[in-house]
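These notes open a run of structures that come right after.
Look at the two complexes coming up: chain A is in both, with chain B in one and chain C in the other.
For the complex of A and B:
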């Protein structure tokens, strides 16, 4: 089964991911794509220890993920890729053909970001990167949990006031 | 002699989890000043870590109770403990565990270890003995 979930979430592996999405989708593997974490074994182990039984976690850079012979078809079960920011997801989409949908699961308040939803705050740079993703044919939505209504990028930007 | 409780801790978790634990333990023990609640709502990872750090400093505490092993508060508390040193993190908090902790006088780390054991022991299932009446 291919990796079909691509989530931008500044908390990466947490309850919404392993329980909220993990159980209904039957996720069996997570991949954090983060160039800095690849060099930080302690951070990677922190997330591995938080991964529940029955689910595996890989930590990769954009380059190593893209270099895999079949980057989206490497596991037998359902998978999710996580990045902590929009820029990394944009670089991943540019490097790996076949990513059709990107979901913003959580981008919380930081200086320079304006609120679009209670769990989505966007900067002008974020909006530019998300716009580039959409222009390349990728569907961009915000959805924190499976039961939430997906919010398309246009509505996020309209609500953002950046 | 100070009226300040000896055992103090920050409770951090999803939504209003920490508020509920702090409220319950305060009502039972009378030691509401021993605890400070932190929620992850609206915060990114760095924001949660900062909030837990502020709460520890304000309380003069060295122990953090969190709700879930895979929760963002646990991640933040563990990063903070690593950065600061001298901070104990207890994961899987319950009212029973936190109540045991605030009544302790053995020192932060020893109280935290004992409280975690108390929390494990308190988790009990009384299984249904038959079908529900009216079925």
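For the complex of A and C:
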């Protein structure tokens, strides 16, 4: 299975993912990488309820995903890997060689985060982690939907009011 | 962590508290904003239940929970009742704040997607088509409008009321509620019924609204049958509401052209 996108999105599985990206990319499989969710069966069950027919969902920890860099070979079609925050994606990139691009699909308001885009709010810690990703050679962009203009990390940080 | 089962635990929600929460759920979108979406509405709706936390209204637990529930939340507005019930139960059961915050986030996607399918794509167009059918069968325009408003509002009010109770009973196990046939299979059934209603109603509406000369019950019935069959065959390739809108547009164009 080809992984079409490594996406940071605090809502994880929702309409933008399963329809907005799912249809044009032909996504058949989603992987949530989240250490805490692996322990919470109810949480994974909830996200499975948001997954439409024809699309499957796995939940992995950073360690289990890294132990099997291509754990999804049994699936045909295209896939997307999702994390709920920047820190998890940074650890994933460090553990799994070969990730070239990370897309910020949605990081919404929380205490300590300031707006960079209507759908991207960043804290100083987020910016530091994204900077570390960029320094390691990963292209970081923000793009919520396929029709949106990708915004590079430099513009995101410049727009942020942290 | 294992989710609580349905009807688990001794926590109670008095009728008066439920009634307040239900009334407040009707305003859940009133404070909509791009930063927290309907987070403030969720907090407002859940607040009566938070008064029952240790320390009462204004206590530390109350204030912490209210602040937590005011944060970003986005889902279908009618199905927020399920989230409000479940979140109230989680707060009452003393679920750790971190788990509650994860639960809030996890609810957004499923409740948004399920609500879109059940309400916007199925129930709303079905009610509109039933109202059109009433008009086609001879009801006055006012009665047709009242038919739509009565049917649609009965559905969404029932959904909100039931959702609050179901969410409260399920707590963190709310995935079982979202997995009910109401959300998994009913949207398709309602959509299927909608295309049948569309096939029945639109020829009748066309005949009445255009003032065309009577073409006979048999011809109207044949048109209705053909329309129903055609729409049934298109099911799965063309959404019910979209088919209804296309046909309605064609009907209006024909009405204009035919004078």
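Assume the second predicted complex is superposed on the first by the 155 of 162 C-alpha atoms of A that agree within 3 Å, B and C clash if a C-alpha of one lies under 4 Å from a C-alpha of the other, contacts with A are read in each partner's own complex, and residues count from 1 in each chain.
The rule is short, and it goes like this: a contact is a pair of C-beta atoms (placed from the backbone, for glycine too) under 8 Å apart; a residue touches a chain by one contact, two chains touch by 3 or more.
Because the structure is a prediction, the values reported are computed rather than measured.
Colleague: Of the partners chain B and chain C, which touch A:41 in the superposed model: first, second, both, neither?
Modeller: A:41 sits against chain C, while chain B stays out of touch.
Colleague: Mind working out whether A:65 is in touch with chain B, chain C, both or neither, as first, second, both or neither?
Modeller: A:65 sits against neither chain B nor chain C.
Colleague: Is A:6 touching anything from chain B or chain C once the two structures are fitted on A? First, second, both or neither.
Modeller: In the superposed model, A:6 contacts neither chain B nor chain C.
Colleague: With the two complexes superposed on chain A, say which partner A:118 touches: chain B (first), chain C (second), both, or neither.
Modeller: In the superposition, A:118 contacts both chain B and chain C.
Colleague: So, A:21: does it touch chain B (first), chain C (second), both, or neither?
Modeller: Neither chain B nor chain C is touched by A:21.
Colleague: Between chain B and chain C, which residues of chain A are contacted by each of them?
Modeller: The answer is residues 10-15, 18, 42, 46-47, 49-50, 52, 108-110, 118 of chain A.
Colleague: So in the complex, which bits of chain B are touching chain A?
Modeller: 14, 40, 42-45, 47, 68-72, 74-75, 78-79, 82
Colleague: Can you name the residues of chain C that touch chain A in the complex?
Modeller: 1-3, 34-37, 71-72, 74, 99, 102-103, 105-110, 112-114, 116, 172-175, 178-179, 183
Colleague: Quick one: which bits of chain A touch chain B in the complex? Just the residue numbers, please.
Modeller: 10-15, 17-19, 42, 46-47, 49-52, 106-110, 118-119
Colleague: Under the stated contact criterion, what part of chain A meets chain C in this complex?
Modeller: Listed in rising order, the residues are 10-15, 18, 36-37, 39-43, 45-50, 52, 84, 108-110, 115, 118.
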